[in-house]
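Letters A, B, C and D name the chains as they come in the text, with residue numbers starting at 1 for each one.
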């Protein structure tokens, strides 16, 4: 049993780490923090955990944390994790950070997209971008940056096409749609996430300026062996009237003609060892195929009239887009089976 | 054309008064207030009014109000309307108040249910409870208390049964379900009304203690010719994952056996002159039958094994449960056709 | 490992048995039938099972079934299970039947509520009503009738009150609300369950005539030690615009005054050994507290003005209301821990 | 008063023509057909019309139709309207056809996209494409082809950019999302539109092959003064878990650099006389801004890093995308104010 800590467990991502973590047969949750809930039993904040744990929230304290657990998930807001991570690394702990603080390797790029100074730039060099499908070196990392939810869907949709060089990297457009839980801790406090503002509605947001673009371009450039500035995508997220789930519809122009079967085959080959990526071929993926599970399901189409490939990827933003992928990363870091604690099928209907 | 003012137009009820008011052929909206939006065009706060009005919000000022309009809707929070109403009555204006401040005629009962002192008790005697189906004297009123949304559904469901004396008034239970817009101005600021807290969910609230019980018991006792304390109902509201609509399911024991046909006939007779009450007989009403309209649709069943009648009533809480009924009341007060401005059918699907 | 068969696995209940069954550490699914899907891989019909099983649907054949598995879930329509059960009992198999065929012990009562002749009346005497919280003799049964979803919520809400004799059994009213998946196999084929007919809507249905009344009255009379005809409840189900979940709001008059604390204590005592029943005291339960889990969460209130107790119970209709309770029953029948395969917390948010 | 007929009024589009038509001050509905409902009162099929009309459905008969009304809406399935239109034109009636039968002027293009022979090709030459914002000649037409719902959103989003020549017509991608009512008559009969298949879900459909592409390319080529084959767009529709509304997000590469303000100004100029098109500038449009109204609301963004303009357009698919635009067209054909019967603001919240 590995003793596991969760720092900042009051939000949706923390709740999902708890939901999955209490059932993980190789994890023992030993330290869970929330500044606002310190001292309260977990199941006071989360009625769904009634009977599943007797743990109480702690207020974060680095020494206490170090005594209590061996590996940590950080589910803190952007800007906070970069302060906490060094304290735990000093204590020789393994960390999966779910914030955006360590995802962008280039400090200047980080500061441009995030609009803040990076307080632990010395860690950027060693951080591994935590998508085991692309970065097997997660295995040896002590600090893993868990990808953004949109970035996860975009990267899994497009990685094989960038690796194979089949598409023109300047033509990529990703139109994505997300459930409300993706907005995280801001949801409870803003009129724009109240039920009447979301229900029977759809709206785009952060048009041209969403932060997940930075990490996605970084990773796609790596895959293509291009300079970072050669990969520039247009990305528009939309807010769906659902609680969980992301649908990413990616469009890209093909360098030269190729049939759909070949593209599907290349996708399948690329993900042949990836237990959580289901390439459904020319079948259309649906959000309900993955809710509650760590699966990314991918469908593909070819618009022959215009020479474009269309790739559709669905994930549960709280699982493969956050807590599930974090557990997948920590499993790899701890030498556990990659799928440990993540075997449950999606909930249907 | 009657010059109409709306005091406190920033919430859902105010928005609905505006939606219906801008299209009312005998109303000219001349004065619309919001303290937080003063000076802003209405269609800045409400994109749906783009092109429908060039009016701007004012900050409330009694003298300005008196100059600008002849009749007023007060869409203020409970406790505020009782301060504003006297200022406008002094100026000989007609008022329909949509708050709970003037619905309960007995001051002590008001103060017990609302937990606050009444600041204008001298007006309670002359206020008319604004349900034209029960109170034709709305015609001559200068201050009308617009009923609560739940009270409207309960009263329309049960009034004929109390008037006919067919049921035992001590056996009434109303189980009601409402969309989120019924929560009014509190919606944008509370986690409990955020999308993830309402979507795919249902919960009861204010169990045994909802304020609308007070006015409902008052009116039912009047109908039955009973002392106020003889009518005591159990009422449980539930929050539905929809934006608009109330479903009230009322249960009551019959004094002696009667067939369903007779009960339906008596309901129809009671409402023969009520243009907005549709007695659907033994057909089951649905919330979608009334959304956007001022209609209350009523269905009935008889549980012969236990001698109970079940009455189901549906309304749009923002229309017949608030703004629509307010316009219906003002129409009557102004000598206009009762249905003026309220003729549009419900939106379907 | 117990070899488990599921007969009739194409509907929502079958899907849920599969979702839970593929992860059950003491079950091996060896035989799964669907007449329409015979020969197809399970994950063709259910994309959510991709990677979780390589099994294919069979067409039901009693001999094949007997060879393949030791215990069976029957997820067949009402009227079909009574034909299939005897064939498997002959082969000395254990059965949990999820239809309504064996829930009502009295043949005449069955035939009155279900409107059809019972074809295996000889089995009614030995069938155990499958709610382990009320019937520990499930342990020794070879045929268990899994309760109806509404009946489960009603019984768990009311059982302690009937057992203690605190309430007048002639005053019980249950107003229930269910998600669409409760309608089972009929959903895909009827306009009334299409998205536009359910979304932003609520409607009552089967008013006064729902079949689950029969089994609920049977069990409540047993608990109270009364003759069957002495317990008559009014029950009204409503269709919620959600996929999963039941909310039952039960009202009953107390024989004599008692405080809420005592009632809560008695409920807790009654369920002290029931791992899936969470008595939340005077907290209001919400459907989202239990989605995906086998938990029934119960809240209570006292309407002192009228001497009524109000009990609110929530379940996931597909888990505690169907597949989860069926697994709970089979666990007990097989001598496994009651909670095996049912430990996952509810999904939140 | 103009005597108006609606042929094929049983579906969602027919229902919306009725909702808007019964309140139109210059229309008298005199003839409404449905083969399946012939003889029934309209308010039997549509409870929302209770009290609004006493009309009954007829079975279609060309002579009866000719006697009863002067102008007709055809709300028939694709393939049926082309049979009915000639019968009414012979009788010198004006027609707005809401099917796809007459939208594509080129017969071969029609037959390729629709997969059927055109039975009234002689009418294609005189038919006017019914978008008054682009085709003022609607005024003089006797047969108007009402645009498809997606085509309406796409065209209003992109028309000014094609007219000005600012964009490269080979780079256009439209990612669109629609509520379920857009699926029309098929909704009640297919499992894929049942509540559990749509709720908490999103899926793409008709990827690369949706019929509305044909009319959109035709109109954009006309605007750009290009040959039809020079305009080829990628279009992917997605099914939203809402009842009404379309969100079209359009992406196009700019020929040369231009600032956003100029683009917005050109859009506003293009639509300066269009009462139903609201160019919201750089504000993000939302579906809830237009539900129930004939408004198309448009927002714009510039992705400067990649030289792309992003245009977002929202409509209510049943109003501006179907029945409302049909009334707008007939108003123009009859010399009525373009906005007659279409003045009601969107329903909010």
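Simple rule for what comes next: a residue touches a chain if its C-beta (ideal position, glycine included) is under 8 Å from a C-beta of that chain, and two chains touch if they have at least 3 such contacts.
The shown structure was predicted, so the numbers you read here are calculated from the model rather than taken from an experiment.
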Chain C and chain B - chains in contact with each: A, D
Contact-richer chain pair [A-D vs B-D]: A-D
Centroid comparison with chain A (C-alpha atoms), farthest chain: B
Cα-centroid distance, chain A relative to chain B, in whole angstrom: 47
Whole-Å separation of chain centres (CA-atom averages), chain A against chain D: 39
Chain B-chain D separation of Cα centroids, rounded to whole Å: 37
Residue list for chain B, restricted to those that touch at least two other chains: 12, 181, 196-197, 200, 241-244, 286, 288, 291, 349
Residues on chain D engaged by chain C in the complex (per definition of touch): 12, 180-181, 187-191, 193-200, 241-243
Chain C contact footprint on chain B (complex, rising order): 170, 173, 175, 177, 179, 196-197, 200-205, 207-208, 232-234, 236, 238, 240-245, 247, 249, 251, 284-288, 291, 299, 301-306, 308, 310, 312, 349
In the complex with chain C, residue positions of chain A that touch it: 12, 15, 19, 22-23, 46-52, 181, 200, 243-244, 275, 278, 280, 286, 288-293, 295, 297, 343-349
